[in-house]
């Protein structure tokens, strides 16, 4: 029998991409679509033109009771600060699985959360329980979780690139640089003048230079993997495309590697991973080649001397960077085939 | 009386942008337009639709004799490997000024040239004479030059960002990273499948990772400024826009700076420069805000601890990164107002 | 048991989109991929980065013998003038089904073909046999065909918009205008300077004004539907996006309609069609909302007076305009569910 | 001595393009910049990044008194419905010239205005006095005007294409179609969700199908030129680029023309016009080739039979479609060279 799923926040870019995937997923029935912006129920196709004629679903003004009745799993595709209010209510009423897209449950401590989001945490008791949903490096914990914190798009791309080095304890504690380029759906469907077409088109710009809220998330996970603190410099940029997140990572090592040793490290880490594509020498990731998929492409080059690695990592920010990864997590939560419903 | 100018290679993106600027420049008369691709003369507007109806100029199959007769200054907007054959012939026949857009005369030694371009140099006697045309840091030498090597677009953006640190001897010798994002006119008007609209649109991709031919140029100039070797890691990327070059530079320092000290260093370096725009705190460069101009926007942030600087630098790759800078150099060569004909 | 399929011309945009669909189609096994441009076999992912890591398929230099051995159905995604040489050879050797993407078998007469393509037809005996593959209006003939001529992208969008009027005999014989806007994948993966990113980006341009080779195809089918000749004015334009074909049709009628009568005519024609989405009043098609799908969105408005209709029709030029429609045709040829493997 | 100019509404796209042109215009000093959105004065470069470092001008919260003191001419770049309140106040206080960008003074009658804009007109006494600012067809009236109604972008492109036929009385009264494609700056800098980058990028869409407020403006001017009513069908579309307005016009004639007769009609009309570029046979306008200029490119083809003309017309919607044309009008108002400050 199919799993019953609900989405809260379906009108955002991540929420609607999630719905697109779930509608193709044969193990899932979408039973509830909620939006906090609605005052009365509306046909999906009226809110999101790309669903016109493909689905008779209706989006409802969000009410928790309705959502809980219908579903085995709830996806929360809401701005940060919202899920932390909602999840305790959910668990009080029903024991279901929750996959949260926001940053609310990704950081292990109240203090880090406050520092990253400039906001107190109102459900800090759940921070310990929440499981960081990066399946390639946290698969077993996810399987038995109740609350999965779906990783941020920047951390997903950067961590998939860095994890094999970190887990081997090879990351030097200083000098790590992550330079990331994101398409505009990554900025969300927010009504901001600087996101109008004529402001963004034909532009490249950095923002929140070395102060983005995803930095503590990356540092936390790197520390967990590497066994000790890694200091990070991080600059995100907006580039004029819809989908795509490209992370270029400059990683100083604790000891020199050979190109062969480096490749073999990555091959061992990823050769069985269905969604990680390690590219051969002289081939480099392209945002376009992963668009619409749940894949991550990774390219590597050792700098002369062998003590620095350049890592390139491309994902679809709405795919592996949000909705695709959420479905991968859900597949694990319900013991389904991990790749089900996802484009490789 | 006006200076008579000629352009060889006017049909490329840099050549045609140069023409656009020269036609607005009141001290210049464009007397010769040559193309090596033509078999017979053609009206400019037929080759380049944006000149339809704005100019009665004709482009001619390139013949040196014709070019030399007409001109006081020749701009060479040709692929690398071509100018080095042409310039000795030019100087043999007539003592005119030459501004070369290619990499042929930017590197001081035959050996570096061979390493960067995989090609022997056939006019190495001129390498010493050629002057590197970055006016903000080489103004006096340019004024009295005969042959100006117009800098590459990546080096222009990176060097303008780094020079104040380098000249103060503050750049550490290891760990410098330049991550650059270029619009597509930077790749030239070459008939390559990977440059077709549907290949590049909605894509981000790195290329020639840490092996781009502009690396030795940056390293040479940084060494000259910094007083000792600086090892560079450089990754260029293509992003889907026409014009714009964005360099994000991660610079380790030899000693810790304060934010105030850093800003004052840059203010002193650039406050009188008409084309360098130092942005205030929390403002970041935008490729779009320099498009069509000869400006370079620079933004700064010190990383915690004060021993690393993040520098952001945006230019129009066809403006300050090519044709604009060439005109700035020409203004210096002929003792004109340095800003004449250029949009600030 | 699965149907065995082969694609010749898989490296073009239509061919690779077809492969993408067939790989998801559960009734099909892709057994042969050929390209006339190859000299030796190559892994698919090397030729087309978006298939890296998703498929172990190999593309072979095209040889008919190999293709025929492997397959029950061959898709020909080749430039016009090529299929007409190939199809007679195919049928001589093996009785299989052929779906041709080119214009070679769409026109019923040798003379029209010569006029449209400036080329003599070398397999005119097959012109009568070939079936025009517009399923919504030719379903029964397609089911029993051997050779399906997959319609052009412009004719698909225009005919789906016009057919209900034409079949009802309501189209006036003069004054019909089709103004179409196409994304760049519609122009194919041809190495032409005018298709480089920096030529097409930020541009709109008309081409082959009232002389496009798809005009006779539209006129032929309209005549067949309308019962008498319809004179057409047709201007195609290129607009800077990857996928999307938007036809705005201005249709004079033989008699005045009411808005209600018009809508009811279209509702009757399309209410059971899974891929045709008739939009309600005041809603207009969007290229983006059909991208990646096999859908056609149609919007309508009657001009004051009731004797002119404005029809808007949007398809994905690679979907319903090429590969999607080809799969829909194949589903009919093999008695599969018509929607199988296709996104609604 | 220079003319003193002021702009009200400088932060919109048309207003800021106007400022860009005026700053290059040697006969003008910009003395006042006002914005109704501001609460306190702000440096221009903070509001509009592309002016950072190029101008020390300050934008002030709009106060009429300040504006009037400083200026000989005021440009109103405001939404419709605003200028009609402002202009009577201006004229009451000071006799200066006004160029209005909105639709408020383009229609000759109160009734047409109400029909087009769904709003009563509160300064209808000025409707008769206002002069329609299409210099190529209304030059003498503009020279002596006090209030110029700068034409809409769609009417500019369509009327320049149609005027030679209309003035010769050749336009048939029925069947005229204008299909227009506009870049996004044409939609203004309005905070609307449907104008966000990720909504518009990779999309084409029609809007206000046959009900756009520019229709009565086109019909009024065509009637004036043609001598009798011309019924128009008009569909505007948004296409994903910044600047460019492309009108494809399908015009039925009152009598058959030859290609030669048609071209000679257009040549006579436009051969002395500095901003109108009539393209030769088989050459078609490109939005990109007029971007940034005040030019209009026009291409022509007669349909078989000679009784229909296809006209293609491309302008920059911010250039000839708004700010460029406003400056051209201002040049006429003050007896300057008509082309001064404008790129041909």
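Labels A, B, C and D are assigned to the chains in the order they are written; within every chain, residues are numbered from 1.
The rule we apply is simple: contacts are C-beta pairs under 8 Å (C-beta built on N, C-alpha and C of every residue); 3 or more make two chains touch, one makes a residue touch a chain.
Predicted model only: the values in this text are computed from it and were never measured.
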{"item": "Chain separated most widely from chain D, comparing mean CA positions", "value": "A"}
{"item": "Chain pair repeating C-D, as identified from B-D, A-C or A-B when over half of the contact pairs by residue number coincide", "value": "A-B"}
{"item": "Inter-chain centre distance, chain A versus chain B - centres from mean C-alpha coordinates, in Å", "value": "39"}
{"item": "Inter-centroid spacing, chain C versus chain A (mean Cα positions, whole Å)", "value": "37"}
{"item": "Approximate Å spacing (C-alpha centroids) for the pair chain A, chain D", "value": "46"}
{"item": "Residues of chain A whose C-beta touches two or more other chains", "value": "183, 199, 201-202, 240-242, 286, 288, 291"}
{"item": "Chain contact graph, described as a line, ring, star, complete graph or other shape", "value": "complete"}
{"item": "Interfacial residue positions of chain D with respect to chain A in the complex", "value": "13, 183-185, 189, 191-193, 195-202, 240-242"}
{"item": "Interfacial residue positions of chain A with respect to chain B in the complex", "value": "175, 177, 179, 181, 183, 199, 201-207, 209-210, 233, 235, 237, 239-244, 246, 248, 250, 252, 284-288, 291, 299, 301, 303, 308, 310, 312, 314"}
{"item": "Residues of chain C defined as touching chain A within the complex", "value": "49-50, 52-54, 202, 277, 279, 283, 286, 288-293, 295, 297, 343-344"}
